[in-house]
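Below you'll find a set of structures to go through.
Both of the next two complexes hold chain A, though its partner changes from chain B to chain C.
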Partner chain A sequence: MSEAEVYEKVVGVITPFAKNADALAAISRDTNILDDLEVNSARLVDIMLEFEDAFDIEVEDEAADNIATVGDAVQLIVQKTS
Partner chain B sequence: MTHKVVITGMGVLAPNAHGLTAYERALRDGVSGIRFIEKMAENKFACQVAGAPQGVETLAHDYLTDEDLLAMNQSMIYTAIAGIDCWRDAGLAEPSPDSEVDWDTGAIIGTGIGGMDTTAEKLIPKVNAGKVRRLGSTLVEQVMSSSVSAKLAGILGLGGQVTTNSSACTTGTEAVVNAFLHIREGRAKRMIAGGAEAASHYIWSGFDAMRVLNRRSNDAPEKASRPMSASAAGFIPGSGAGFLMLESLDSALQRGARIYAEVAGGYVNCGGHRGGGSMTAPNPEGVIRCIQGALELARIAPSEVDAINGHLTATFADPKEIANWQNALGVSAADFPLINSTKSMVGHGLGAAGGLECVAATLQLYHGFIHGSLNCEDLHPEIASIESSVVQKTRPFDGHIIAKSSFGFGDVNGCVLLKKWQD
Partner chain C sequence: MWDKAALETQRIVSYFLLIVFAPVIYALFYWRYQFSAHELSEVRRRYREIRQQHPGAMLLCTNHLTLIDSIVQGAILNSMGGYLMHVSALPWNLPEFKNFNHSFIWRLTCYLGRCIPVTRGASREESQRAQDKMRYVLERGDIISIFPEGKRSRSGRVDDNDYSYASGALLRMVPDATVLCVYLRGMKFGGFADWPNRSERFFVDLEVIKPKSALKGLRETRDLATQIVSQLKTMEDRFFASPLAAR
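Moving on, here comes the complex of A and B:
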């Protein structure tokens, strides 16, 4: 899967959890999942589970803790799937 | 000093209607919300009919965001729909995620069983499969007993006491009594009160196993809920949500709110599982004390009660309930108040029942009618003496007091007295 494809899929997973519609409309790799999209911090657990299902990977807790932006998630997933 | 308490808003999501206008019409016209339930047949229930609100999936998206719905089960969704309706009906400012906290309003939203659909469909299968990690973050907020009140508080920005009560089939009425006492004592200006219960075959299964559901009417759903009938053979499970906005009279007058009725009194108690009472049957003395306690608090004489919206589920307990009312009021059969059962149309909403029925009682008082009780053409012989009081066809009503009573497993009782509001 190309990096662009991973990015699209990551955005698709995060979209239902985003509470800030303006930030979602302007989403980029630099968008902070909690601060910009205003995702409820508890829901990061659910987003990681959806990444696992969508990309057939396992996201360890330590790796999940290091994801702050959309780009961080894309980078981690590209590493795990390449 | 105590405060007068009035009803300034209502919200309802019932098996036979959503919204006050539709619910009033359904009550007046005797529209049954009881339907055949595929899931009950598939799972070999003896009773295969129930009352469930219709069109909820579409409604949910009208009222809630996708993000909200990620962590909401049925009873929470029902609560949100009826709760938002109740808030709007009370004429309060439209809430948004950024609106100010309303420190003057709280909520007592009861549920009898709670999030059993989530427990059965998600929690147990995953835990048993060793997939605890896969439960995600949304389980706790859906299975905690207070899920219904907690979510509504977030939607509306409530800043008063927000809690969930649970007392089986008395739940919704108990919530109204508790909220009434709360405002009466000056602890809050407004409280949203009532009950919610999911439509889930998991919730209904235990009642089916107890053989307290009517298993004889699967081919005629609209005839299945038969309170006060000689051919009553058990209740029909129901679900939904019904809420009242209770408000201090001072606050209601100050903001020019429309007043539906006064809550003149209310009482809750328990029969202690003595004197014929048990986990599943009421101690008559407890019931009588409950009714009389409500009358005393309201300073209303027994002869002033014009109508009773009964608990009346369509079990063997219906004639006993009526006998308890006769003893509590001390009136002759000829002077017995009018009586009906909303469950004849919506089934037994369990924790939601008191809420759905308090809304029905308030609508009847405000709009001046008493709805007909369906399916009691063959009146139970033990209540033949009050036949003229049993309302079978909707009729006009110019009375001033309607009593709403509920009784539940655990030998618990609740009674609310609603009084017509006159400016």
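Moving on, here comes the complex of A and C:
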């Protein structure tokens, strides 16, 4: 899967959890999932678990802690699927 | 190391100053606000019994409706003497840093009330540091009071749809900790409010559970938190099915 495809899929996973519609409309790799999209920490865990299912990967606690932006998530998933 | 020394200092200072502040809190609770509790002596007897049966690390997991639930819970579960007899009896609390950092009085109150501040969306280092403090106090046999829903329930009922997973994360850190679910609700007015109404009478139900999960990692965290919140929901359902709710 290309990085662009991963990005699209990541945005698709995050979208239902985002509470800030304006930030979601302007989403980019630099968008902070907690601060910009106003996703709370429990829903961030849900997002990580959805990543696990969607990409057939395992996201360890430490790796999850390091994900702040959409780009961080894409980078982690690309690493794990390549 | 410095954090541990600071926690030990806070633990001792809060204990000794309890001698000064506990009478004030109990006086406000019973006389100024005329709060009371349903079957108070029975609740305290059960709590004492649970602590004797489950000494050591404990998570007090309580539903969350008002800004002073921690204080109300504390004044009901134990007598002033009970707190003064055991230095570990006063639970640690986990307030959001920004909720009390704005004033010196609140910072002092939180220090004396054994609070470990947490910050939503904190950096990994900050978050790890707070978790290390929680692990330390639990492993030394203290109690942490946590609201598993993560916020006050606006609906006035336990929110089992949108809740925090922090209780599950804590339990994964110290798996042997006893989980004591506490259902707390005003019987006269109840529901979501900043402050309970004057002369409120509180209902308290206690239940020890042993959440277990065959899952791993973040799924285990979510599963454990879900079991705790589900238990609180069950206790709430039990309350509303009882004649007490109709009073």
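By definition in this document, the second predicted complex is superposed on the first by the 82 of 82 C-alpha atoms of A that agree within 3 Å, B and C clash if a C-alpha of one lies under 4 Å from a C-alpha of the other, contacts with A are read in each partner's own complex, and residues count from 1 in each chain.
Rule of thumb we're sticking to: a contact is a pair of C-beta atoms (placed from the backbone, for glycine too) under 8 Å apart; a residue touches a chain by one contact, two chains touch by 3 or more.
If you're wondering where the values come from, they're calculated on a predicted model, not measured in any experiment.
Asker: State whether A:E58 touches chain B only (first), chain C only (second), both chains, or neither.
Answerer: A:E58: touches chain C, not chain B.
Asker: Spot which of chain B and chain C makes contact with more residues of chain A, would you?
Answerer: C
Asker: Looking at the overlay, what does A:D35 touch: chain B (first), chain C (second), both, or neither?
Answerer: Only chain C; A:D35 stays clear of chain B.
Asker: If you stack the two complexes on chain A, which partner ends up touching A:N66: first (chain B), second (chain C), both, or neither?
Answerer: Touch partner of A:N66: chain C, not chain B.
Asker: Contact-wise, after the overlay, does A:L49 reach chain B, chain C, both or neither (first, second, both, neither)?
Answerer: both
Asker: Can A:F17 be said to touch chain B (first), chain C (second), both, or neither?
Answerer: first
Asker: Same chain A residues contacting chain B and chain C, which ones?
Answerer: Residues common to the chain A contacts of chain C and of chain B are 40, 42, 45-46, 49, listed in rising order.
Asker: State the interface residues of chain B toward chain A in the complex, per the touch definition above.
Answerer: So the residues of chain B touching chain A come out as 65-67, 70, 97, 133-134, 136-138.
Asker: Which residues of chain A touch chain B in the complex?
Answerer: Listed in rising order, the residues of chain A that touch chain B are 16-19, 40, 42-46, 49.
Asker: List the residues on chain C that touch chain A in their complex, please.
Answerer: On the chain C side, the touching residues are 120-121, 124, 127-128, 150, 162-166, 217-219, 221-222, 225.
Asker: Write out the stretch or stretches of chain A touching chain C in their complex.
Answerer: 34-35, 40-42, 45-46, 48-49, 58-61, 64-66
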